[in-house]
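Given below, in the form of structure tokens, are the structures.
Same chain, two partners: chain A is paired with chain B first, then with chain C.
And now, the complex of A and B:
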């Protein structure tokens, strides 16, 4: 009895020690592990709170400060959201009831819309009937599901576009420069990118003047001292909405709403309107936890991307390597 | 009975908690989580680089004596540093025991989940993880 009790206790201690070390590791990985856990619950994504919740800091002009306060360090620990369709919210800001049902079914049956990396099943467009598919976007999504996101541009070290910047699990910072009427967002990962949000009330360039780019053209305004609204247009078509491979076109427009309900939490909301790929707009939302004391180290994705070197198309030809010339024997593989 | 139960539970928790996620490329397009491996070899080269640190080990087949050089993928240097590594943690000549998942294409390539070195287990900030 005593021996079994001791063994059980030891087991429990091992569990506790391992769980906490895994948590530390997860938290250090950009909050990805923690975010993965909470996201599957179908909630709006609450960050892990390690200490007391305190009010959001403010700038001298009264608007919310999305960054650090003097004398302190900290970064936003962006979660890993691989399937944004599971974050679509209704007018009430809550995840759609049908998504909660799909998640419950996936939990019961394993796989489905929730599955993904690590060998889990992927259900394709049929598993997400709430998404306003067009036939072609559903077909492209099914293709990306079937080959398990083999051709994800982020795997090529290309930047995310639109909301995926806030769903790629590397840390980021928001730096406000009200005196210059602009806001910078800088990202450790996702190819070490930055974006500038113009706060000077400018109009969007029109026609050919709006040159399509990965991150788009961003114009922001304060809806009230708590809410930053950023409109984005001018995306190119070289990125995916998420790892699962929801496509978008260069007609995509994204309206982002940023709030900091408390110092430890950034609430992010993005409404995607893409008349080229989806029959109606949809809104997604999640929370991003603040990591007190964090800083951004360098991350240059392009350095040694062997995945890209090895990548072959569906016909077995290298995507980026030399292609066989007429009369030449095709290569037999790159690895 | 209870001893076994406790050990099994501890093992299960260990397996399910070890989610280290660094997004870069598609894990499941390249590796098969259903093909786990555990092998010991001698390090021949370490590439402490982004987006994935690679190391190479010579593994000897006990039966045939044939030595194969395996490529092992880990996370980014940033991810590894957060997991306790430095660029000098692993050097050519070190003998390491690696656990992870094999490549789908049958080449001598693996995605390392953890590395046992000098009696110490280090997590490899693997791109294999529980996705949402």
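And now, the complex of A and C:
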């Protein structure tokens, strides 16, 4: 079995972990969840847009409408971005030249962009020199690369944290309520979760009032009628940035910039500042296509998650099995 | 009666199983509370490590309470990303107020799992023994 095929299959298994039922549903809906194949391309996404490009809809106040207009159906087909390091952009908004070169070299070598993009991913931290690693975050990433994301929290049906919500391959709706000064995001995937963005100009809670959560605390504002800026703080440490296992800490802050350059496209940009895991901020960006006529189906990740039943840790113990007792020697297999 | 006992056992088992799910943590692997023991099996010394990551250093306390020891230094060798070599020193006082020096030479394993394991050699005031702690 070639390495790339093995990688593709592992990616498929990872998706299946949190989507066994959704796969069937997705297939019935025109491949909505058939993401595994595309996933290995580093996140080109599914739900290709079709038809002419049309202007982005607007709300009565002139700001962009990130959702549907009355009388139509549609959802955002969130792409599967397995390795966000391959989406790091420079100040010009373009993917870093070194990433483009690595991808071109991989394509020239016949490797395509599998495994999250040539030049990155399973090669560990050394294959992503543009990432501002701290020694420990590089080591954790190397570990996650080595065991091929065996401990991906999404495999446990835990929600994604931060930008990974916009890179988990299910459909998503954005519902704006300017009269209530809030925006809702509803995700089919990622354990069927929702997110609320406060648009009332509030300040972030401070100290212990900022309770760490998977999705963090989100406060948004309009930079101009085309651009929504959402600041996020208060993340817990129960998630990874992506499937490939870039770690983060509870010091992570994310500034998102959303635009809808046309009706068919949501352009997403996220600047991650995590003084606990990375030595400087970095910005990632990608497009999310609109899927005309789409609706959110029900999907329950936890249902029939057999992955957890057979998953063993590095010591050969069931992942949710008994812990070593005080005084007990480490189980056989320990280095 | 048997049914009640069975139900009690189920509830206890469920309660014991909960923390494994509730305290998933994928930030710095050393961060958190660890419990276990060091010393001979027939006379073990209980251990509780409360460790924090401030973005530069691991800080924290061994056995919080009247005989607590404060972590002074922690270093890592990541040569094997799945078995980090960790060296730690700490200082505290015993119940009589005498200074206690602690030196820890261990390995951090099972890094991605909930039951992270830190084990190796524990030296405290001239005594040496094996130690094992798992993350709570």
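The definition used in the following text is that the second predicted complex is superposed on the first by the 258 of 335 C-alpha atoms of A that agree within 3 Å, B and C clash if a C-alpha of one lies under 4 Å from a C-alpha of the other, contacts with A are read in each partner's own complex, and residues count from 1 in each chain.
Here, a residue touches a chain if its C-beta (ideal position, glycine included) is under 8 Å from a C-beta of that chain, and two chains touch if they have at least 3 such contacts.
Since the structure is predicted, the reported quantities are computational estimates derived from the model, not experimental observations.
When the shared chain is aligned, chain B comes close enough to touch A:297, but chain C does not.
Shared-chain residue A:212: touches no atom of chain B or chain C.
Legend: residue contacts after superposition of the two complexes on their common chain; A:169 is shown touching chain B, with no touch to chain C.
The wider contact with chain A, measured as residues touched, comes from B rather than the other of chain B and chain C. With both structures placed on the common chain, the touch criterion links A:281 to neither chain B nor chain C. Applying the stated contact rule after C-alpha superposition, one finds that A:313 touches chain C and leaves chain B untouched. When the shared chain is aligned, no partner comes close enough to touch A:90: not chain B, not chain C.
When the two structures are aligned on the shared chain, A:57 is found in touch with neither chain B nor chain C.
Applying the stated contact rule after C-alpha superposition, one finds that A:147 touches each of chain B and chain C. On chain A, the surface touched by chain B in one complex and the surface touched by chain C in the other have residues 147, 150, 335 in common. Against chain B, in their complex, chain A makes its touches with residues 3-5, 7-8, 10-12, 14-15, 18-19, 22-23, 25-26, 28-30, 32-33, 35-36, 39-40, 80-83, 86, 114-120, 147-150, 152, 154-155, 157, 168-170, 188-189, 243, 297-307, 310, 333, 335. Of all the residues in chain B, the ones that touch chain A in their complex are 1-3, 5-7, 9-10, 13-14, 17-30, 32-34, 47, 49-52, 54, 71, 73, 76, 78-79, 81-83, 105, 107, 109, 123, 125, 127-132.
Those residues of chain C whose C-beta lies close enough to touch chain A in the complex are 17, 20-21, 24-29, 31, 35-37, 41, 44, 46, 53-55, 76, 78, 80-84, 107, 109-115, 117, 119, 132, 134. By the touch criterion given at the top, residues 124, 135-136, 138-140, 142-144, 146-147, 150-151, 153, 156, 158, 237-240, 247-251, 275-277, 313-315, 317, 319-320, 323-324, 326-330, 334-335 of chain A touch chain C in their complex.
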